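The following blocks contain the structures, represented as structure tokens.
Next come two complexes built around chain A: one with chain B, the other with chain C.
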Partner chain A sequence: MGTASKDKAEWSGHHHSHANTEDFVRRFLSERHSRWTASFVISLVILFALIVISSSVGYVHISPTDILILLFQRIPLVGQHLAGQNSVSSVDKTIFFQIRLPRIVGAIMVGSALAASGTVLQDIFSNALADPYITGVSSGAAFGAALSIVLGFGSYVFGLNSIIAVAFVGGILSVVASFFVAGRNSNSAMFLLAGVTVTFLNSAGVAFLTVLAGDRLPALVFWLMGGLNTVSWPVLTPTLPVIIFGLMGMLYFSRDLNALLFGEEQAKSLGVNTSRVKALLVALTALVTATSVSISGIIGFVGLIIPHMMRLIVGSDHRVLLPSSILVGASFLLLCDTLARTVALPMEIPVGVVTASVGGPFFIYLLRRQRRFIGS
Partner chain B sequence: MVELRIQKLSFRYDSIQALEDVEFSVSSGDVVGILGPNGSGKTTLLKTINRTLRPTIGSIYIDGANIESMRPIDVARKVAVVPQEGHTNLNLTALEIVLLGRIPYLRPLQPESKADVEIARRAMESTGCFNLAPRRFDQLSGGEKRRVVLARALAQEPRLLLLDEPTMNLDVNNQIELMESIIRLSKEMKITVLSVFHDLNLAVRYSDNILLLKQGKVVALGTPEAVVTRENLRTVFGVEAEIRKHPITRLTVTVLSSLSSTTREASLQHSVASYDR
Partner chain C sequence: MPTRVTAIVIILLLLIAAGEGLAITSLYESNINYSAQISSLKAQLSQLEGSLYPMTVVDDLNRTVIVPHEPQRVVSLEPSDTQIVFAIGEGGKIVGATKYDDWPTELANSISSGKIVSVGGILSRTISLETVLGLKPDLVLAWGLGGEQSQIIQQIANAGIPVLVLAPSNMSMIYNDVLLVGKVLNAYQNASNVVKDMQKVVDYVSARVANSPRPSVFYEVWNDPLITASSTSFIGQLIDIAGGNNIFSNITEQFPTVSLEAVVSLNPQIIIATNEFNMTADQIANQPGFQETTAAKEGMVFVLTNPGLVEEPGPRLVEGLLVLARFIHPDLFNSTNVNIFNDSTGEFNGTVISQFS
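Right after this comes the complex of A and B.
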């Protein structure tokens, strides 16, 4: 009886005083603002710390202070104060700028691209198991790389960077093929199936080329295992702008991604042009993923798990989820790559092994804290 | 004042004529219940009005404007749909869910203003779920979730509200509470409501007018007393029913038996047997 009348009061709605509501609105907005800013700042700090640590460790150890000096010397205003400092040896300087920094930037790029793509694809297909590769990109890039390594495809056109270029083209063509296989008015499930089909075809191609590989086999296998050791400034110059553009494009659609949280029909009733938005977002993820795979091979786990992790920590609102996924994806891959090249010196562990080994247990811990099964 | 006018609406899907020559008008603030057997085109009708589907022929006018000529975002500011199910991969509070209803009023990277949050708050109060604001949406009960998604639709400040079986999966108490809220809001805020019902009694009790569909065609449109008759239930649903006036619920519809011969005899036998006990 008591509960029933309480429910009655709730249903008919009780009216707060004017002062209370002003208060509530202000409190909600400022609390959310601080929460979002805090997560952003914390992620940036972690990323910066990792950049410094990663720069200093390796076969040659450079002290973190030296790293900081080298970094800040490049910044216009602050650099003036440090201009006099010549304490860092030129060997260390070369190692940092020519070898470590490009690799670090590469890890940040690829980590951001994969995490952002995973977040976007999971939410436009309402599928918790989606990762950046489901559109067929990675298998296409692998097929392209195999064609380049084994048969020399593209060396006339692209010269030294032919593997990267052909892999990129292969990735993009695969996604286009998925669109064609799925057909004009396909729904999410059909498109995903098309991606799976294209992936099977590409994998068959790679397998065939593996048989033909002969003495090119080690090169092919290493490419397939994935790694950031081939990243250098000439590689980054064309690819970095592409990834930045792609990430900015995805961030622009944060509001539409929020609308899609309740499904396509709901998003339409909120005024979103869903077919156009979905197509554009798939294209953007394809672009950044193809770029990433062509320079780093296929690195798993990041695109699948980082989005789920960030949803648990910052929530499903894409205005905070996407930037967080980007920063944490970057940090995570940077951490894993640093471990990959330092824990078993002088050998390198494939970075994909590290991403799974580090991320797996941590994610299990997060899941158990939530005690919730993540399923679609 | 919103007037909804449907003109010669037809929708063809492959070889199925889901809707044929549907025409009707609804005046502002009315609650119209849509009734019909499975496959009669009720959901298809709602989908053409909220622009999920494009009609093969025909036009839909809201306030005199053809919705085909309106931008999706302008339609979103007039028409709101209350969804049935939600996505489960959601880590959002109930308030954040309601704020999604403000999307048609925000530019891509524009954050919500104080006014937006205030509108969301009022929407939650009017559906009695404001106390759930800080709670995580996917931890709420079915009835609570339904109130929150209704608030989300109201946050769009719509003139027309579309519902597809709003009481599905709700217990009897929540069913009544939800429908009474919808009626009250419709009258208070002059929102026109179009709701698909499977439950004849709920439809009759809470609708000002009923639209009866069969195989994509309009069979009747009028007050519950005029439309829900024994004859109509026979021809449209193929059931024998008893209809009585009721001081509170307006009409009580009791479905007695199906008109297909085998089940009819069985159900009559079953009823007689239970009386003897």
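Right after this comes the complex of A and C.
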């Protein structure tokens, strides 16, 4: 825990009184910890276990062995040997493959996208309160969705539900608008203010549209509530590759993110083109966040708290922090969504209620433990 | 002595006979005074009616409402409340309604001609308080379920205007609300006739389905998230009366968000949705998982093209009941044995009152 707390202190400090900061930075960037491997393995095992548990529970119970057999049956060659090995009825198979599995994949995708975006944005803006929505992307997506619902655009664009497509475009346009409002070569504070301004404008637009909505008001209200209730394969097919591409892109910039931790000057001296890297990273977070919001609406908490949790647990080296955030973000939203759809069966509760009530107490616990370690 | 008693009795009898005779002759003689008598009776009656007000009633939220005089200018903040007022023949008193009001046609016409003013939507923040107060209503009818109107109810009541809040969640509450509005608007007789008509339709449908098997029904209020109407809601009660078995009968919440997996697993024989989320019966039947249900396989997925009949808890609910009964028991309620449906659309056609009274 010692290293983690030191990292945390460095992360929040940003002013270094080291006589030879550069030496420290180089040492930090080249250091490798054996426990990184351990944290990856643990995160992966947790995620895999959650996938099996989540596949198994719900209105109908399917045993974990049946789940594994069902999944392996889908694999060519191997599947032939497993034919007729399970006792799952055809209705339960449909429930698993068409309802439960896409929802699980959706939760994993959205959770990892939000957690990764939050991590990246908190670090490039050096702002602990930054979350994936701070660039105006969610409000833009909401405004796009509201427009599409109220004006009743044609129902399908590129085989996608028009609401999803227009929400995505609205999210991306809002981030572009934030960039323009902030101007070239602006600092983080300017960009954050621009994001907040764009968010306010979008919210005003959504509020205005609720007045105009008329008979479409319920559709608008339900969209704004967010949730993974009806995620299906047709929604995931075009959105999944976008999120995977965005996450890979962010992972590619892990080292540059590490350099940015020590301030722009320091990063530049290490040969990082800071403004270019920052712009690219903001674009990648916008891409995955806009996609997530179009799939699930706005789900709070994950993108703000998971990055902080992971910094407290694994430290702030992005080569480990970013993949850990992705895996734990995925596990966290999967856990929350599984609870949301199972604790009140046959009813469902909003996933936002679960993310806050499950994640909140755990985060407070971590924070208090950490404070004890830093030893005030 | 006995002679004196006899004399008194005889005199008394004579007096009574004379009085009777006089009274009878005066009745025969006073044909010309009939109208005068009637007008005097009318005066007495209006005096009696005047004494009805100020009237103190308790509304569905247990609020005590004092109505100072017979209301002449009524603003309704909920379409089903408006429908009650029109059904009891007092529609002429409505001066303000919501933009969602579309029944009866005469109301829609009055709104477009400006005779009835639109005061906005049905939520506190979409209703214009200034418009409501500017109409100088002496009664406002509001909506209590869900609590969305609690803020505006408070504001109107604070302005000294009586607000009657209706929040019916089952048929008997709807009957009570019709009678309550009738009482407040001094049209109790009409209101009780409306209730009797409604009960006639309910009795007719109940009797007709009494000996038939009850198919399982899923009622889809909304598709994303998936919201249904449980048996505790008035919609659930209509499904019960129409001879269906709600697959979500044991949930206490009236309009719960339910698990898609549960719907598929409970395998409804009939799915009834509304056109409010813009999906056709085919699209609903082909949603992931839905294609496994008996309803989808046997073409028993229906979309209500006039959902107000089922989802607005007013006097038209019995028309909605007939539409549901037709979906749930097509063999018992086809157009040959119940001549009240439009054959091409399958929708309810005409008014219940004329068919069942």
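In this text, the second predicted complex is superposed on the first by the 320 of 376 C-alpha atoms of A that agree within 3 Å, B and C clash if a C-alpha of one lies under 4 Å from a C-alpha of the other, contacts with A are read in each partner's own complex, and residues count from 1 in each chain.
We take it that contacts are C-beta pairs under 8 Å (C-beta built on N, C-alpha and C of every residue); 3 or more make two chains touch, one makes a residue touch a chain.
Only a predicted model underlies this, so the values are computations on that prediction, with no experimental measurement involved.
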Contact-wise, after the overlay, does A:Tyr59 reach chain B, chain C, both or neither (first, second, both, neither)? second
Touching A:Thr37 in the superposition: chain B (first), chain C (second), both, neither? neither
Pick one for A:Asn273: touches chain B only (first), chain C only (second), both, or neither. first
Which partner does A:Ser357 reach: the first (chain B), the second (chain C), both, or neither? neither
Give the label of whichever partner, chain B or chain C, reaches more residues of chain A. B
After superposition on the shared chain, which partner residues are touched by A:Asn258: those of chain B (first), chain C (second), both, or neither? first
Per the touch rule above, chain A residues touching chain B in the complex are 4, 7, 10-16, 21, 24-26, 28-29, 122-123, 126, 128, 252-256, 258-259, 261-263, 265-266, 268-273, 311-312, 315-317, 319, 374-376
Give the list of chain A residues in touch with chain C in this complex. 58-60, 90-92, 94-95, 98-100, 102, 155, 210-211, 214-215, 217-219, 222, 225, 227, 229-230, 232-233, 341, 345-350
Where on chain B does chain A make contact in their complex? 47, 50-52, 71-77, 79-81, 83, 85-92, 95-96, 100-101, 103-104, 106, 108-109, 111-112, 114, 117-118, 121, 125-131, 156, 173, 177, 180-181, 184
Given the complex, residues on chain C that touch chain A span 99-100, 121, 126, 222-226, 248, 251, 253, 256-262, 264-267, 276-278, 288-289, 291-292
